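The two complexes that follow have chain A in common; it is paired with chain B in the first and with chain C in the second.
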Partner chain A sequence: MASANTLTKLRYRFIPDHVIGEILSKKWIDNAIPFLVLICVIVVFGSLIPNFFSGSNLSITSRQLGEFALVCIAMMLVIVVGGIDLSVGSNFALGNFMTLALLNLAGWSVWTTVPAVILICGSVGLLNGVLVGYLRLRAFLTTLVTLIIVRAVVDMLLLKYAQAMSMSFYQSDAWDLMGLGGFFGIPFSFCVLIVVAIVGHILLTRSRPGWRLMAIGGSRRSAHNIGLSVRRTVCATYTISGMLCGLAGVLYAARLSGAGTDTGMGLEISALTAAVLGGNSLGGGRGSIVKALIGAVIVLVMTNGVLRLGLNSGSGPMVLGLTLIFAVFVDVRWLKNRDKLLNKVYVSPTYIELPEPASTSADSGSAFALNDRLKDVEIIGLADVESPEDVILDDDDYLYCGTRHGDIVRFAPPDYKTHEVYAHIGGSPLGMSWDKDRNLLVCVGGMGLYKIDRSRTVTKVTDETNRSKLSVVDDSRLRLADDLDIAPDGRIYFSEATIRYEMHDWPVDALESRGNGRLICFDPKTGRTQTVLRNLIFPNGICTAQDGQSILFAESWACRISRYYIDGPKAGTVERVLDRLPGYPDNINRASDGTYWAAIMGMRSPALDVALRMPGFRKRMARRIAPDQWLYPNLNIGCVIRFDDRGEVLETLWDQGAENHPMITSMREHKGYLYLGGITNNRIGRIKLEGRDTSWSGYRNYWGRA
Partner chain B sequence: MANALRNWVDRFLGRGEAAVTVPPLDGALKPNNILEEAPVGIHAKTPDNLVVTTTGLVYSSGSTLHHQPACGGAGAVLLDAGAAVTAIAASETGLLAVATPRGIAFFDASGSPAAGFSSGTQACANVTAMAFSPDGSLVVAVGSSKNALENWQRDLLDGERAGSVWRLDPNTGQAAVLASRLGFPNGIAIEPDGTIVVSEAWEKRLVRLDAGGKMLGQVMEDLPGYPARISGSARQGYWLSVFAPRSQLIEFVLREDVYRKAMMAEVAPEFWIAPALRSGYSFREPMQGGALKQMGILKPWAPTRSYGLVIELTADFVPLRSFHSRAGGRRHGITSAVEAGGKLWATSKRGDEVIAVNLGMQGN
Partner chain C sequence: MNARKLFRYLNQEKIVFLLTVLLFVAFSLTLNNFLDGNNILSLIRSVAVLGILGLGMLIVVLGRGIDLSLVATMAISIAWSMQLIHEGMPVYAALTTGLLFALGVALFTGILVAYAEIPPLFATLAMATFVYGFGRAHLIVGTDVVYMPKTMGWIVMLGQGKLFGVPMPIVVAAAMALIVFLFLKFTKVGNFVYAIGDNLAASRIGGIAVRPMLVLQYVLSGGIAFVAGIITATSVEAMNTRIVNSNMIYDVILVVVLGGVGLSGGRGNVRNVIVGTLLIGVLMNGMTIMDIQYTVQNVIKSLILLLAIVVDSIVNPRDEQTGQQGDI
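Our next item is the complex of A and B:
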């Protein structure tokens, strides 16, 4: 039994299951299947064809790829915006012809010809763009028409000038470089492709125009509704597509220096195949340069390979067609099932063995013994506030709390019957603290750390920290800032409970019980945010110790409270203060007599404690049964404990029936009263404490008399 | 080999045998709050089996039997059996059979021991239900030969099929096994033609046996809860009590041997992930996600380990209507229900209450 446990422990320590879910949630995982197909195609044809990997073959292939991939990128752009461009082949032929004509017949130089050709082909794209974008014609029909017309124009021009062109022969160093040369042994056209691809990738994924393009492709109506100029963007995309075809035409002309009627014949089909094979969705909104490139390589290797294998003439298109239908099939299945798969594998529990909890039975004589001291709690703001996770009072006795609507609500003393919205932040306001200048600092779930100054202006303090080096997902953004406190020197320490779950499903993190949380410090002097402790198990409450040398933090799912030294000789070290708690600790706050209050938001159930030692059980549970049915920590009852710096629990306040406060996530002592907040409650509680200092307030305790 | 492979795939994907689907409560079983909202009933300590006798109602409560006039009014202790009563049955002639761990004893309608009847020499422990058949013999259901009745949760989690049905002739004391290896037979009804319908709790079904004990088939299957006792209704149909609900989590735990064994070894039975006769009384009970209170309210459709449900069936065992006490309610764990005096009387065993629902109000 013990050795089996050790094995499980080791297995979960060293094999990071959660990475699978994180990889699946990345956008680039869409490329996985096209990439596999690419590898297969290369392996199959590489082994079938002799000299496939030889330098000369690679050089020829990459030179062709330079042209072809540009056309594929052109096609991909139009597909991403929700259209289709069938005129790429004709446009390509036009570019090829115009290049040769301008160089050979008109006697232009390369430096003027290339831009001119790109503009000419761009104007064909513009025509498409105006017709499709502004006049709202069907993309398929419109580009079919331009396909025919442009092809006809090229044919007519060829008829007229072909003979004259074949008589002359243009030659210059630049032209030779384009057609035959390259840089560092890389063919010229391939270099052009690399530049276009990099610029295109950055534009598409990191710039506003790119995002707009994706947005329009994803949902044209929504994009229009949020104020994007759909028509202009669509028109511009077709124009860019035309220009890329022109560029490809130029490179083709430089390579072969010949114009024929079959130039670019069927290119639109190949380009479309490549775009779809690469995983660009025909419906729009999903696509990337990388996908286009992968598709282009697959198609090119296959068509060339079939040609070189010497199969009869119909087999090339046949192989292409079969691959296309396979790609479409896999793409559809993948799209449909990816989220399902992600949902099933995202929850990835790990091994945790909690120590035996302290006894809570009424006759145990322990500090946790059940009592009914919270039974007669006074209720404030019943049904006026929803989800007051934290409560705080200022020196004038006003009571503040956050709500799930993103408001900070303020209740007026002395009876707290009237309330007003003090400020609106948005998100889910959680932990709160006063700084020295009486600004209210608030941790907002889903947003970050915010400040409300005395004129009620809301400003963002920070919403990101340094990204950890070995994390698959970008963990720099704050997902669930939970509670904060301020050190005497003004540094703000706050906890981020988990980086894997959002505000609405935070209890699911308990099923994982992995160290998904962290402790973060914001230094107002430098304006920098820095993660100071990682891999904490749902770090929740934060409180600066009475001596200002350390901060106390609660790790909810580990049922313990620890201390992190921020000053003094032990700075930077962590020390356990309290463990074996019978429940899950939440916020910690100072008490008037130099001790601390901690809220216990829920209680441990023995059946769950057993399950925590069995990650496989919890993983299967997450897959097999509906989330509503999952075994949860019991968050329907809580209590308040008071403990001191040595980690001794001095007293516990219970409400056994849990009638008024099913869940207690925070408490504040203020002038002889204890105020209670709870994240799933619709009320605030208040109870008179016997024998406490009736002039004590949190603000004065931290910052002295203002 | 192919079978083993398929089982393995099923286990991996959660299909077939490994699926944890639970039938929904719909149609005639659509949830309502009738049981929960019924007027305050009779307070009794762990009332269990309720029968109609010639003089009124009799219910068991611990080791005593209580008599209750069907039209209402004050009840009285009828007799003390000396040990916890697990089942009772009343014949048309007024004879009362009372089962305790010590055996089956017979009493007349006034509560004094009836002479001339005997349960023979068989060890008749763990009797869950009894019924007199028209020929005067007593059909007895034994829940499990492996576990005592108070350990019924262990019996379920261990997957025991150690129950049996007997026929006992009270005049001679001779007994014969009718059927064995049943999954906790927990209720008996005798049909007019003498066939026997038994509720098999762990199989979540009702089965029909002929008078000789031959299995004739299932009359109800895949019930949404674990069935308990069956009694006749005034419309020639039946009332079926369902003492606990099924849930996906419990079905899942039943398929997880390692966890199940560890839980049973380390955790006190009242905190097991298992069906229960009541829940929500201790924070150490397991809680499921949907049962998280929001704004101070536990949703009535929340997953729960206990539930109150009585179903009215036609003579052909088709559900007609049902009375519920939903998640968060107090009248859970209905172990028996009978119709008398225009009311449905039901025992909420761990709710410590005998509830009367006025049937006139419900129409039909």
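Our next item is the complex of A and C:
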């Protein structure tokens, strides 16, 4: 049994299964399947065809790729904006013919021909654009018609000029460079492709027109409703698509110097196959240059490969057709099931063995023994505040708390009957602290660390930290800043409970019980935010120790409180202060006699403790049943404890009937009273403490002067 | 009836029909022999196959699909049948094999569309390429063109015979049109096709077995393609498989869309296809008499299609708020 446990322990320690869910939630995972197909295609054809990897073959292939991929990019752009362009093949043929005609027959130079051809093909795109964008015809039919028209025009021109064209032969250095040469051994057309791809990628992902294009493809109606000029953008996209086809036609003309009736025949189907194979979604909104390129390489290698293998004439289309079916099938399935899969695998529990909890039974004689000391608690702001996670008082006895509506609410002394909204933040305020200048610093779930100065202006202090090198999820953003405290030198230490869940899902992190949280330090002198401790199990309350040399932090799901030295000889080390807690510790705050208060927000239960040692069980649970039926920690009852620097628990305050404060997440001692807050409560509690210093306030204790 | 009402009254079918009548009158007045009885018959005969294929397309389009594999199925299935007869298989067995092949291909397409949820555009496009490739690689080896065997018997009459002086292709096309009309109008399944095209989700909730119905639509269009194949092959005594690479499938779409069948499903009937087919027939016949080059004919045909859809989009504009996302 013991060895089986050890095995489980090791397995969960060294196999990072949470990474699967994180990878699936990344955007770039879309490219994974096309990329795998690409590798397979290259490996298969590379091994079947002799000399596949030889320099000359690669050079020929990349020269063809230069032309083909440009057409694929043209197709991709139109698909991304929510349309389709079937006229790319004919347009390509037109570009090819016009180039040769202008050079050979009209006697133009390369420098005038190339822009002219791009403009001519662009005008075909413009025609499509006007029809589809402004007149809002159906893209499929419209471009089908332009396909036929342009093809017929090319055929007519060919009938008339083909003979004359084949007689003359244009020659110039620039033309030879385009058709036969290149830079540094890279074929010219491939260089053009690289430039177009890079520029296109930057435009599409980093510029306003690109974002508009994606927005219109993603939801045409919403884009229209927020005021984007849908028609103009769609029209522009078709025009650009036409110009790219023209460019490809020029390169093709330079390579082969021939125009025939079958030039670009069926190119629209190949380009469409490539675009879809690469993972660009039909219907728009999902696509990139990289996807188009991956698709282009796959299709080109396959069609060339089938030709080179010397199979009979039908095999090329057969393989292409099968691939198209396969690609669209995978694409459709992937889109449909990705979120489902992600939902199933994202929660990835790990092994954690909690030590035996201290007893809480009334006759056990332990410091945690049940009592009813919170029974007579006074209630403040009943039903006026919702989820006051933390409460704090200033030196003038005003009481502050956060609410889940995104406000900081202030109650006025002495009876705390009246209240006002002190400041509106927008996110749910969690931990709070005063700094030396009486600014209120607040950890806001989902937003980061904010400051409210004395004129009640809200400013952002920090919302990002350094990104860890090996983490898959982008952990530079703060997802769930939880509690903070300030060291004597002004450095702000705060905890981020988990980097894997958002504010509203925080209890799910308990199912994982992995070290997903961290301790972060913001230094106002340098303005830098740095993560100081990682892999903490839901770090929650933070409190600077009375001597200012260390900070105490609670790890909720590990049921322990530890100390992190920030100054002195032991700086940077962590030591355990308190474990074997019977519940999940939340905020920690100083008490008037040099000890500390800690809130216990919920109690451990034997069932969950066992489940925590059975990660497989929790995984099955997360996959098979609805979230509202999962086994969560018991967050219905809690207590307040007081402990000292040595980790000894001195007293415990219970509300046994759980009538007033079912869940306590924070408490503050202030002038002989203890104020209680709870994230699921609709009230604040206050109870008079016997025999305490009635002049003690938190602010004065931290910063001395009044 | 004032101008505005007239404008409202116009829809694509009526516009196209008017256009057909106008062209017909214009050609009758200007062209010699156009109004000749034989010319009219040959006019209709020349578009009979197109019309038959249009009927297959109609059934699929009504259910919000599109079948780009019609021509490929037609060409390869009949060509294979004839190849089998050449190789010594009895005529009926060979034709049955061809029919089964066409139905099998259509069944597979239908499954891809209905169960694998691949958009019909791509499923059928890919199937067209695949069927052509497979046929050329494994079924019809060696040549592009398969000639009609001499042993076909009475079946040849389907392409070359006459009934009361009317060429058989026209009779067959008319019969097919009647059957499809009756099927769509009077059978439960035919009505389901409209329901699915109108609103797939509602049909599913209403208890229609949507997926099998979709498959059925493709299978029907596959069967119709085979009939069209027999007519084509017997009237010209050969089947040129290169027809798959031609613009023919676009012509079929043209015929259907021109007549006013809505590509978004649920809108249209056999009458629309007939109107569209007639317009193409009149146009092609007139232009042939005028001795206009084939490519120019293509341009004119496409321009007319373009005109039809532009007018349609002006008369029935698409609404930015209710337009379907991803509806290309």
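Keep this in mind: the second predicted complex is superposed on the first by the 674 of 706 C-alpha atoms of A that agree within 3 Å, B and C clash if a C-alpha of one lies under 4 Å from a C-alpha of the other, contacts with A are read in each partner's own complex, and residues count from 1 in each chain.
Definition applied: a residue touches a chain if its C-beta (ideal position, glycine included) is under 8 Å from a C-beta of that chain, and two chains touch if they have at least 3 such contacts.
Keep in mind it's a predicted model, so treat the numbers as computed, not measured.
Upon superposition of the two complexes on chain A, no clash is found between chain B and chain C, which fit side by side. In the superposed model, the vertex angle chain B-chain A-chain C (Cα centres) comes to 90 degrees (nearest 10). Shared-chain residue A:Arg620: touches chain B; no touch with chain C. Judged by the touch definition given at the top, the superposed model places A:Ala139 against chain C, while chain B stays out of reach. In the superposition on chain A, no contact is made by A:Met76 with either chain B or chain C. Once chain A of one complex is fitted onto chain A of the other, the partner contacts of A:Ile149 are limited to chain C, with no touch recorded for chain B.
In the superposition on chain A, A:Leu608 contacts chain B only, with no contact to chain C. Touch criterion met: A:Glu386 reaches chain B, while chain C stays clear of it.
In the superposition on chain A, contact of A:Asn634 is made with chain B only, not with chain C. With both complexes superposed, C is the one of chain B and chain C in contact with more chain A residues.
Nowhere in the superposition do the C-alpha atoms of chain B and chain C come closer than 22 Å.
Those residues of chain C whose C-beta lies close enough to touch chain A in the complex are 112, 116-119, 121-123, 125-138, 141, 245, 247, 250, 253, 257, 263, 293, 295-296, 298-299, 301-303, 305-306, 309-310, 313-314, 317-318, 320-321, 323, 325-328.
Every residue of chain A that touches chain B in the complex is listed here, in rising order: 386, 507, 603-608, 610-611, 613-614, 617, 620-621, 623-637, 658, 660, 662-663, 680-683. Residues 14, 18, 20, 247-249, 252, 256, 258-259, 262-263, 266-268, 271-273, 283-296, 298, 302-303 of chain B are the ones touching chain A in the complex. The residues of chain A lying in touch with chain C in their complex are 82-84, 131, 135-142, 144-149, 151-153, 155-156, 159, 219-221, 224, 230, 265-266, 269, 272-273, 276, 282-284, 311-322, 324-325, 328-329, 332-333, 336.
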